[in-house]
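A short write-up of the structure that comes next.
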Amino acid sequence: MRFVSTQELVAGLAPGDLIAIPPDYSGVSMAATRALLRAGSDELRLIAVPTSGLQAELLIGVGRVAELEAAAVSLGEAGPAPRFADAVRNRRIRMRDTTCPAVHAALQAAEKGIPFMPLRGLLGTDILAHRDDWRVVPNPFTKADDPIVLLPAIAPDVALFHAPRADRDGNVWIGRRRELATMAHASRRSLVTVEEVVEGSLLAHEESAAGVLPAMYVEAIAVAPRGAWPLGCQDLYDADDVELARYAAAARSADGFAAWLEMFLGRTEVLA
Amino acid sequence: MRFVSTQELVAGLAPGDLIAIPPDYSGVSMAATRALLRAGSDELRLIAVPTSGLQAELLIGVGRVAELEAAAVSLGEAGPAPRFADAVRNRRIRMRDTTCPAVHAALQAAEKGIPFMPLRGLLGTDILAHRDDWRVVPNPFTKADDPIVLLPAIAPDVALFHAPRADRDGNVWIGRRRELATMAHASRRSLVTVEEVVEGSLLAHEESAAGVLPAMYVEAIAVAPRGAWPLGCQDLYDADDVELARYAAAARSADGFAAWLEMFLGRTEVLA
Amino acid sequence: MSRDAQAARRREAMLAAILRRLEGCRTIAVGASSPLPGTAALLARAKWGARVLMLGSRRHNSFTDGGRELFDIAAQGRLDAFFLSGGQIDGSANINLLGIGSYPDGLIQRFPGSFGSAYLYFVVPKVILFREEHERRTLPERVDVVSAPGTSPAHVHRPGGPVALVTGRCVFGFDRSAGRFSLESLHPGEDAGSLRAATGFDYDARDDAPVTEGLSEADHALIRDRVADEIAETYPRFAATLRPT
Amino acid sequence: MSRDAQAARRREAMLAAILRRLEGCRTIAVGASSPLPGTAALLARAKWGARVLMLGSRRHNSFTDGGRELFDIAAQGRLDAFFLSGGQIDGSANINLLGIGSYPDGLIQRFPGSFGSAYLYFVVPKVILFREEHERRTLPERVDVVSAPGTSPAHVHRPGGPVALVTGRCVFGFDRSAGRFSLESLHPGEDAGSLRAATGFDYDARDDAPVTEGLSEADHALIRDRVADEIAETYPRFAATLRPT
């Protein structure tokens, strides 16, 4: 585990890497996203855990993304994600539709080192009909006719997210946002931005230890105050709804998107 | 969720109930065990998550247990569990041997509402050879010859454990002992003893929320200070190694077991 | 009546209809992009202490096991009700959250995606469908893409499914064995003819369908005094529309 | 030499042998009832900063995902070494943690159970077997019950398995393709004849098997100054035997 700059954090991402990203309400590293937009790798493959919003939208908008697996991409109350919708419609990205619990289950399969995980539901959907990597098998534990879907494990190359704090050992406090732990467990390596680094071990007391992702999963950490903006970061700050609405309106046109992006990339990270 | 006495807590257990119990180092309700030993139901079925020690040993010793599924029963450094070994050898209980991750996986299957979960390992063991409820199937995701074990879900009737604290809403703080959460999620209802009840909601702050089992899983809570004794309770108190060694020595004979049990049952719970 | 007043009346009818369908529910979850169901769920909490689990909220959210816990509690049978919408909802209660056109390679319009619908629609006992915009376009005979089917063959494991569809014009009940909607009530300002004209699919209807009852004065007071503030945490823009202007 | 001094010397040889086998390991886990491996692992931590994950410890335990996390990290390939023992260990490295006699219904003696061995033996790259009591009874030709097999057919998914068996008399290496042990070193006081006599299974042996090297002075100092205290948290009675009397 090492501490690096946000730009160094994303420098290790290679074309074709499968990157796990959290939903907008969980802990999105918009700081790392900004670094990727400035000078990132192309041909990234994203797996949203299980949905994404502004992060996938921006990376798709600038053409960094070759493939996206997600249960949904949306800007929430601010509305649909225009660059995503446009890219899918015009087949500029390979879209693999899924459903939320299928992403969680497939990551848990990787976390547990099992090749697949069953999931109820899905039968009769057009999602299943177009997923040639999923299998429908008879439930071997009953004599009744009981088809069930098997999902192959998803083992990302990288988990990329933002968290409130880390200690100097590289333990990261994620609180009850445990999808971040599942992402990290399932991924080969985790790249994390944090609001701050605290003194003392987060594992020293049972109270704080309960919310920790241990350092053994973490490859590198960058300090990025307000690194989730304009999205929120747990109880530290809320999403900036005004900015998100501004983006949603701007991004309906290519020019508006470019203008907003210029603002976002030009913005010097606010140091707390 | 309601607050009850320890005796009332176990009164609802019925013959044949499948009860999930944690390992000695996690959060064993020895207070509820005492209540069960005094006036409990017979024909209990225990599932150790994934091992047990003093708790299973005592309940087996007095003949309360019809069936036990466990990866191991041991008194740790104090040595083997004599009443357990005696009961298995003389076939007074139905023993279902398993291995630690198989218990975790089967509970996770129940937690996720899936009928089974695959697990690596196990092939070629006499454990697998004698588990007629487990299946070996070809991995459907490869053309290679790749057998894998499928474990049916384990959905206990009750999860029974001890935790440091609860709030008045019935949220229980378990910290990083997350096997307690998995047990509770997988079980129809959870019966919990706690060291104390605290004011204010444990969910009110993200720091404490990270270690909480929410009240929606909890049927009843009893306050039992030092309720894990002679086992330990997280960072609050350690296992009483002297007492455990004393038990291990005593329980080699039926008379010694009876004498120790009399001491244990006679002991008035220490009120803090 | 102004457009705003009409919208407010329509919204009140929807809220009241959803609230009625939640009666008896002890645990209610609310997914993403669901301000109206969220408000109804918080009303259920205020009125009879229903447990509300709202995605995107910190205050109305006792989950501690990450994003999967909602799906896990549904699988465990702990969840009584959930809400789904769709870019299209058809007469068989199939929903479409994927897009308009030919899926996957010939879409004219792309929707956000299925979220958890392709799973929760199967396992939650009471799924209440909602779609404010009630037009032939949004409620067609047949959805372009099935992101989740309204019914399943008997052999498919499906303890859950749709119970009702609440729109900006009416309330439909859903008969799972028949696989059809039937009209339960019309919102103020609608009649049998206007409804048929606005609905793309066929449905059963009595001649004397009643008018959807609004919220009680007590409900209005609860919204004003409590629920508007509570929903504002997750849906600030929507909350503003609930507050008296 | 007193029995205590003999036991101490035997233990030191075992500790040193385990420590040597851990060289290069970055992440080492220690299961239940494993005081000697725990001590070796904590020495590895003191010497080269190996990460130690010890069951039953709070201080040497960075797990935060409950009891399953040990098995999950092993499956993820994050764990380099683990330790297993057995009531019996045979010449094919099969281990028996279930009992003596006919399993399951004709056991003469019952052991605690398999713990995680029936899984970890398959997935951890370096499994170090240990059994202080080296007798024909504990190291038979063939175990009565296989709680975990030493080797598996080629088609079985098995990235891990045994690398060595450290006993109170010697160190055996294990050749996975041959499925046999070979003698690496004899502890002080043993010779080729005494070892054959005490071992129930056949094994390969050079005529000039060296004596197991003990711990260095630096290692002794580390135990005295640091590791004895660290292991005491989990194995207080064992720790007492490590301290100078």
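Letters A, B, C and D mark the chains as written, and numbering starts fresh at 1 in each.
One rule holds in what follows: contacts are C-beta pairs under 8 Å (C-beta built on N, C-alpha and C of every residue); 3 or more make two chains touch, one makes a residue touch a chain.
From a predicted model like this one, the values you see are computed outputs, not experimental measurements.
**Q** Would you mind telling me which chain pair, B-D or B-C, is linked by more contacting C-beta pairs?
**A** More C-beta contacts join the chains of B-D.
**Q** Please indicate which chain is farthest from chain A, where distance is taken between mean Cα coordinates of the chains.
**A** With centres defined by C-alpha atoms, farthest from chain A sits D.
**Q** Equivalent interface to A-D, which of A-C, B-C or B-D, with over half of contact pairs matching by residue number?
**A** B-C
**Q** Per the centroid of Cα atoms for each chain, what is the distance between chain A and chain C, given in Å?
**A** Whole-Å distance between the two chain centres: 28.
**Q** For chain B and chain C, let me know how many angstrom lie between their CA-based centres, rounded off.
**A** About 41 Å, centre to centre.
**Q** Taking each chain's centre as the mean position of its Cα atoms, how many Å separate chain C from chain D?
**A** Spacing between the chain centres: roughly 59 Å.
**Q** Considering chain C alone, which of its residues make contact with at least two other chains?
**A** 58, 63-65, 68, 71, 75, 123, in rising order.
**Q** For chain A, what residues touch not just one other chain but two or more?
**A** 101, 105, 108, 112-114, 119-120, 146, 148, 176, 181, 206, 209-212, 234-235
**Q** Where do chains touch, given as pairs?
**A** Going through each pair of chains, those in contact are A-B, A-C, A-D, B-C, B-D.
**Q** Spell out the part of chain B that touches chain A in their complex, as residue ranges.
**A** 101, 105, 108, 112-120, 135, 137, 139-142, 146, 148, 150, 152, 164, 174-176, 205-212, 234-235
**Q** What does chain D use to touch chain A in their complex?
**A** That would be residues 27, 51, 58, 62-65, 68, 71-78, 123 of chain D.
**Q** So in the complex, the part of chain B that touches chain D is made up of which residues?
**A** 23, 25-26, 49-51, 70-74, 76-77, 80-81, 84-86, 88-89, 91, 95, 97-102, 104-105, 108, 119-128, 130, 144-148, 176-182, 234-235, 241, 245
**Q** Please name which positions on chain A make contact with chain D in the complex.
**A** The touching residues are 110-114, 171, 181, 185-186, 203, 206, 209-217.
**Q** What does chain D use to touch chain B in their complex?
**A** Those residues of chain D that touch chain B are 32-33, 35, 55-56, 58, 63-68, 70-71, 75, 97-99, 103-105, 107-123, 145-149, 152-153, 155-157, 235-238.
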